[in-house]
Amino acid sequence: MGSLGKDDELGGLNFLDAEEVARGLASIRSHKTFALSVVIGSPKGDPVWPGRSGAVKLMTQDKGSYMSGKLQPLAGGLEYADDYVTMFLQGSTQFDGLGHTWYDDKLYNGFDAHTTLAGLEKASVLPLAEHTASGHAVLLDIARYRGKERLQKGELITLRDLLDCAAKQGTKIQKHDILLIRTGWLSTFYEEGPAKFYDPPFIEPGLVYSRELVEWFHDTEIPLLGTDTIANEVTVDPNNGIVLPLHSALMRNLGVVFNEILMLEDLAKDCAKDGRYDFFYTAAPLKIFRGTGAPVNPIVIK
Amino acid sequence: MGSLGKDDELGGLNFLDAEEVARGLASIRSHKTFALSVVIGSPKGDPVWPGRSGAVKLMTQDKGSYMSGKLQPLAGGLEYADDYVTMFLQGSTQFDGLGHTWYDDKLYNGFDAHTTLAGLEKASVLPLAEHTASGHAVLLDIARYRGKERLQKGELITLRDLLDCAAKQGTKIQKHDILLIRTGWLSTFYEEGPAKFYDPPFIEPGLVYSRELVEWFHDTEIPLLGTDTIANEVTVDPNNGIVLPLHSALMRNLGVVFNEILMLEDLAKDCAKDGRYDFFYTAAPLKIFRGTGAPVNPIVIK
Amino acid sequence: MGSLGKDDELGGLNFLDAEEVARGLASIRSHKTFALSVVIGSPKGDPVWPGRSGAVKLMTQDKGSYMSGKLQPLAGGLEYADDYVTMFLQGSTQFDGLGHTWYDDKLYNGFDAHTTLAGLEKASVLPLAEHTASGHAVLLDIARYRGKERLQKGELITLRDLLDCAAKQGTKIQKHDILLIRTGWLSTFYEEGPAKFYDPPFIEPGLVYSRELVEWFHDTEIPLLGTDTIANEVTVDPNNGIVLPLHSALMRNLGVVFNEILMLEDLAKDCAKDGRYDFFYTAAPLKIFRGTGAPVNPIVIK
Amino acid sequence: MGSLGKDDELGGLNFLDAEEVARGLASIRSHKTFALSVVIGSPKGDPVWPGRSGAVKLMTQDKGSYMSGKLQPLAGGLEYADDYVTMFLQGSTQFDGLGHTWYDDKLYNGFDAHTTLAGLEKASVLPLAEHTASGHAVLLDIARYRGKERLQKGELITLRDLLDCAAKQGTKIQKHDILLIRTGWLSTFYEEGPAKFYDPPFIEPGLVYSRELVEWFHDTEIPLLGTDTIANEVTVDPNNGIVLPLHSALMRNLGVVFNEILMLEDLAKDCAKDGRYDFFYTAAPLKIFRGTGAPVNPIVIK
């Protein structure tokens, strides 16, 4: 994407122009909608990257405030409940800003890593949120393709797997397609609990780096990659021990936008039922000023 | 909406079924997208209801963490920035859960106000976020209709104004239309500053209660009302001193979903330019468990 | 303490009058000071009661804010760093307000449990913080008495143990003495790590309920009990399965103030060295309005 | 304090050794105690430096959690209330760490300002909190000396004023005395409200820089300066427009510890009553790891 200009902060979202919106809309058949985010503040907890902590969601007022006389109703009798949250901006279903990760002191598009000091001056999530990510998307249900409920810890996905899965699904991957990959991994957290999910070493299943994979992303001009894992790729590359190499190869180098921690179960069931794995996807994360990332509840219309 | 069933927590969103999604999609012409939320953590501040405070958005790590040796790169060299927010869930562009406000100890659909204790057991924002709000929407640009940049403090909007504005715009309001009203008021905050915006008494302009207005919302089965004000209606009814009566008459009694604090300037300009004030609107707030409301970045496709 | 009056919110701190301050001061010999709190936001983590989470301490600005041009120095050249914390008020060394726990819908001194709605109207930590807790204190080093570095999970301490330990130490417990008990348990967290500390079932060692114990606290008019555990008593009474019975018997019923999560290692070493286990103790938690508890860094002068 | 060694992070607190503790204790007469902090989360608000915001203190659970069935009592019947706070660490009565402010890229004792990145590696509040500040203190009640309830905005205090006030009070300032200065200014916030307190331009009254003043602090080896203002000095020096020059001259250069936002009203009344303006002062801020500062509730015993 070297041609995008030295100020570019949108990366792959540049591909999602009006034409691509139209192509995505044209794939709609049933008009069923899906909201792909996880629940924030669930009693089951929030699945987060180690080192982050889950959201704390608290009431600032509720009926008890009135019962105890600490608040009086508004003139006319209205009462209201209100609440407050503290959370990591990447502590639930989220978009990464393209400058979220880097190496060699350069972010996406060559921006200096020192621009991250006290907030992302460049390649934050804000331009992504202003633009929205709207286009034609495909789901590759790797778990289903492998005949499993969910992939195991550290289980790998290669380019070959993607293409074979697409072929088996009868899904044609076209240029500029938004790519969603289902591993089933996130349901480990909700169905088997945090202890199982984080059982050390914490190694999520997912895409593994290869030169071919990266070239394919580049050639196919994939604007956005989303999965039902926290980090969108296998945590540690078993070939070389590198942690999160695709954050470098895809996000930092190519500008592929990452939409992590998706809840894909309902969508996948619907796709399995009608055999159609492509649809319209539209998502706009919160407009966080200088945010490294932001929560989002992406919408799919099939 | 008495027929919606005793467990209903969706209110007006029940109207937004597949058919209405299709009707909304059918209005798309240019495939231009708009993201309607305000910026969170802006240097200009966050416009919030008095008593709430703006978001505090902070880095948990950035390049400085590595420069000072407090963090080491991941194996392979990856570094990353991360951040954290504390905020009122209704401290930016947001959906109210239908149980957010009440009187006579009953929420929307007769739920007991005591169910709000320690979090909304009923009529929280969560079911709205699971369902999404997607359909055909119209913008009534009242400021433009009145030949103003923005309405003044406490300036009223009646049903007559809505209908006349629609007529003048050439906009036909149809059953189940999502209704967006532009007052221009929110730009007071960004262009003239908080001191002017909050200048006491704080009385936003907006819709004023009348029996006809409420009946019209009921008959037209408006699923969702959104404006560029904090509370979607004139703060205090000048006729009787009641604070926020439409939160009772529309939200609590009819189940009209409120989408507050919208930034409508770009959308309104585009509508003025091409003369088309209807479009597809889709929004999915964050899935906050038991939330009284939740941030959202609604998407419009024209 | 029935004679303290129906409005009393101080409980045992009523005993700590000027005379007791004088008695405490009179025990000072070496003028060495000890600060008994744990570190908040330590890289080792914050030891907290299950269900609470550790403090999140973040920079709002630092040198990086100036380096990246996000801030300019004040007129004259001054720059500054600033920070922010989110934490449970009982998430570190802390005083419980006397109304923190209850049963049968009555708090300490018969206050109605409904007064806790939206903040402690009665028996919060605030009156304790206004009064300060200052007096003569004794340390009973149970771990040392038992010849151990630290007590084991669930290890019990009885009244007999307290008295025998005191006798062996040559410590005379007098009326109105502040009572500090060292188990060594907290160092499990710092020296063996959270996994060991929280290894399920989480059962801290500590005092176990008996009628004699409670009567002794009552007769001796102990104003304050402090230990190096999170809950100041054995988590579950092995005799009957009751969780935290001394919170009821001592705090709720007698008004004994609880100072939990103390770091007693340095103090205990010094006591062992000079053989003197009594000293002046003074502590004033943060004045949190309606707080259930508040952080405190108690000071001992030997 | 050049002789304190290149690793020194205690500054003036080095002067407060056992001998000084003894000297302070020797001044105690009535054994009355005073807790000098402001209330956090007060309905009147929290007085903070512009740019900071007040504490947000919220319940995580209370009686309402049990009433609504969201929580069950512990085995045996115990119920409890718990709460949470988000706050600036310097958003109430507090100690500054000596590295809180700097110029020319050097903190107190020559530490590099880059050590503040992602938290104060050097001269944080932690060593102060470990050491405690305990010694002999004097109160100079400048407001009373000037026959006023409180100083006005920007009203200046010079060295001459300090000495004259001490003379008039009959107070002898000795080497190593902790110095508390009462302006009455903070009561503006509580008695006249935030609008009056922050009325622009925000210029607190207080000490004004002079070479003599700084030399006197140096010669007298004042370990700690505390006032009832937010910044311990006049906000802007009227002679040269420099903002907070004493943060440089006293804190950064000499290592004088700053204890800001003290509530001195009750203490001052008591001093006026008995004519004794010296006493024992002891304070231990929270042990915040790498904190720029930390809340504290200082204790005075007269």
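Letters A, B, C and D mark the chains in the order given here, with residues in each chain numbered from 1 onward.
The working rule: contacts are C-beta pairs under 8 Å (C-beta built on N, C-alpha and C of every residue); 3 or more make two chains touch, one makes a residue touch a chain.
Since the structure is predicted, the reported quantities are computational estimates derived from the model, not experimental observations.
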Set of chains whose contacts include both chain D and chain C: A, B
Separation of chain D from chain B in steps, with touching chains one step apart: 1
Interface residue overlap between copies chain A and chain B, same or different (over half shared): same
Euclidean distance of C-alpha centroids - chain A vs chain D, Å: 46
Chain centre separation in whole Å, for chain B relative to chain A (CA means): 24
Junction residues of chain C, two or more chains touched: 56, 59-60, 62-64, 67, 84, 86, 114, 117-119
Chain contact topology (line, ring, star, complete or other): complete
Contact set on chain C toward chain A in their complex: 53-54, 56, 59, 61-62, 64-65, 67-68, 70-71, 86, 114-115, 117-119, 121
Parts of chain A lying in touch with chain D, wherever the complex brings them together: 56, 58-60, 62-64, 67, 84, 86, 117
Touching residues on chain B, where the partner in the complex is chain A: 18-19, 21-22, 25, 28, 30-33, 35, 37-43, 52, 57, 59-60, 62-64, 73-90, 92, 99-105, 113-114, 116-120, 126, 129-132, 134, 236-237, 240-245, 247-248, 282, 284-293, 295-299, 301
